Amino acid sequence: MLTILYFASVRERVGRAAEELALPVGVADVAGLLRHLGQRGGAWEGLARIANLRCAVNQQMVALDSPIGDGDEVAFFPPVTGG
Amino acid sequence: MLTILYFASVRERVGRAAEELALPVGVADVAGLLRHLGQRGGAWEGLARIANLRCAVNQQMVALDSPIGDGDEVAFFPPVTGG
Amino acid sequence: MHVRIQEADFDVGSELTALRRADPRIGALASFVGLVRDVSGGSGVSEMHLEHYPGMTDKALAAIVGEALQRWSLLDVLVIHRVGRLLPTDQIVLVAVAAAHRAEAFSACAFIMDYLKTRAPFWKRELTPEGARWVEAREADDRAAERWQQPGG
Amino acid sequence: MHVRIQEADFDVGSELTALRRADPRIGALASFVGLVRDVSGGSGVSEMHLEHYPGMTDKALAAIVGEALQRWSLLDVLVIHRVGRLLPTDQIVLVAVAAAHRAEAFSACAFIMDYLKTRAPFWKRELTPEGARWVEAREADDRAAERWQQPGG
């Protein structure tokens, strides 16, 4: 099982803050997960094309080619703007 | 008339915090005033030889070759150590 | 080292006093407060909402502070970041660094702010006369963070 | 712009609140507090006396702040420096800079401290187990001040 979280403008775009998803067959990294989510169509198709999309795996910011596995928490969000 | 002020270790060295002095004949700059004061002998002789002696004329830090004239306030002190 | 995420406001004076806790090794206390401005990108801002990633936020801030503690000789560090609804003039963030000497305190305080701005999962949404909008990340913040990766940074 | 020389202690929290005075243009407030340490050059310090040059001190600090206001876009600046007898953990100096953005606030705050350390007429005398002694000026402070004369400083 994956926990997937969406924050800020990304959350608004896909209309969802969080979901649980069984690790899809053949998905081994963040980019693969994005391709899988894109198959849902609509706003999900554009997810991978968001300029500067950021990703965290298990609450660590990582590159989109980083590996993911069962039990991971994966989060998608725009560049941060705190402070 | 000159007002001459001495601060910190320089004040302790010459044993004086302030004095009024008629502008000595032939004294036109700070270095000249130091030579004049040195004629007093004792601690005064060493004044011009203090490493890093600092000087202010009319409450502005200046180099030792800066001109002075009647009515000026001249101050001698070591490098500052505030903050 | 203290990191706090909270909706409530904070009192800078009492936070700095607590950080110093009368430790006679501390010769320098550098601090920074970030505040909500009433303009942003040319538009008036009437309020702001700060979203974050609970769970990750603490870890990200602790990692940034940990890196500062490795880079400089510091005696203590405090980071407080607010979330939720904020109004112009409200305090957003406090970073305070105690050290023996000022060079370390200043550098670490600026470093923590630069890294926080580019690595901690907070997002600002502003309410303007043209409607609500997400604040765009600033190129200048990326450059500010990158300078710490240069030799001598 | 506010410059104060005083024997009395100051309250950082209320000073910073007064400096901000709820001005919604202020996005960044950088501040520095210098404190009396209980060691100096390897010796214990039991107390310190801060002498200054009345009359010149205000002018020197105002000139330093004026130069900061010319170099950076700042909204307000406060400098408080204490004189007289001080004990370890006592506050010596407060420099606070308000600006729209943090880069200006940080730079101006560090600049004012570096110039204050080398240009404002204060002298510290420490009481140590070996007796009273005047604090020596530090080479590092001269270098810190000189960096602002480099291009890009």
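As written, the chains take the letters A, B, C and D, and residue 1 is the first residue of each chain.
As a working rule, contacts are C-beta pairs under 8 Å (C-beta built on N, C-alpha and C of every residue); 3 or more make two chains touch, one makes a residue touch a chain.
The model shown is predicted, which means the values in this text are computed figures rather than measured ones.
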Task: Contact-linked chain groups that survive once chain C is dropped from view - done: A | B, D
TODO: Touching both chain A and chain C: give me those chains, sorted by label.
DONE: none
Task: Farthest chain (mean CA position) relative to chain D - done: A
Open item on the list: Need the CA-centroid distance for the pair chain A / chain B, whole Å please.
Closed with: 72
Open item on the list: Using mean CA coordinates as chain centres, what's the gap between chain B and chain D in Å?
Closed with: 26
TODO: For chain B and chain C, let me know how many angstrom lie between their CA-based centres, rounded off.
DONE: 48
Task: Two or more partner chains touched - positions in chain C - done: 34, 102, 113
TODO: Return the residues of chain A touching two or more other chains; collapse runs of consecutive numbers into ranges.
DONE: 83
TODO: Can you identify all of the chain pairs that touch?
DONE: A-C, B-D, C-D
TODO: Write out the stretch or stretches of chain C touching chain D in their complex.
DONE: 11-14, 16-17, 20, 22-39, 88-89, 100, 102-103, 105-106, 109-110, 113, 140, 144
Task: Touching residues on chain D, where the partner in the complex is chain B - done: 34, 50-53, 55-56, 59-60, 81, 92-93, 113, 116-125, 134-138
Task: chain A - residues contacting chain C, complex - done: 5, 7-9, 52, 56, 59-61, 75, 77-83
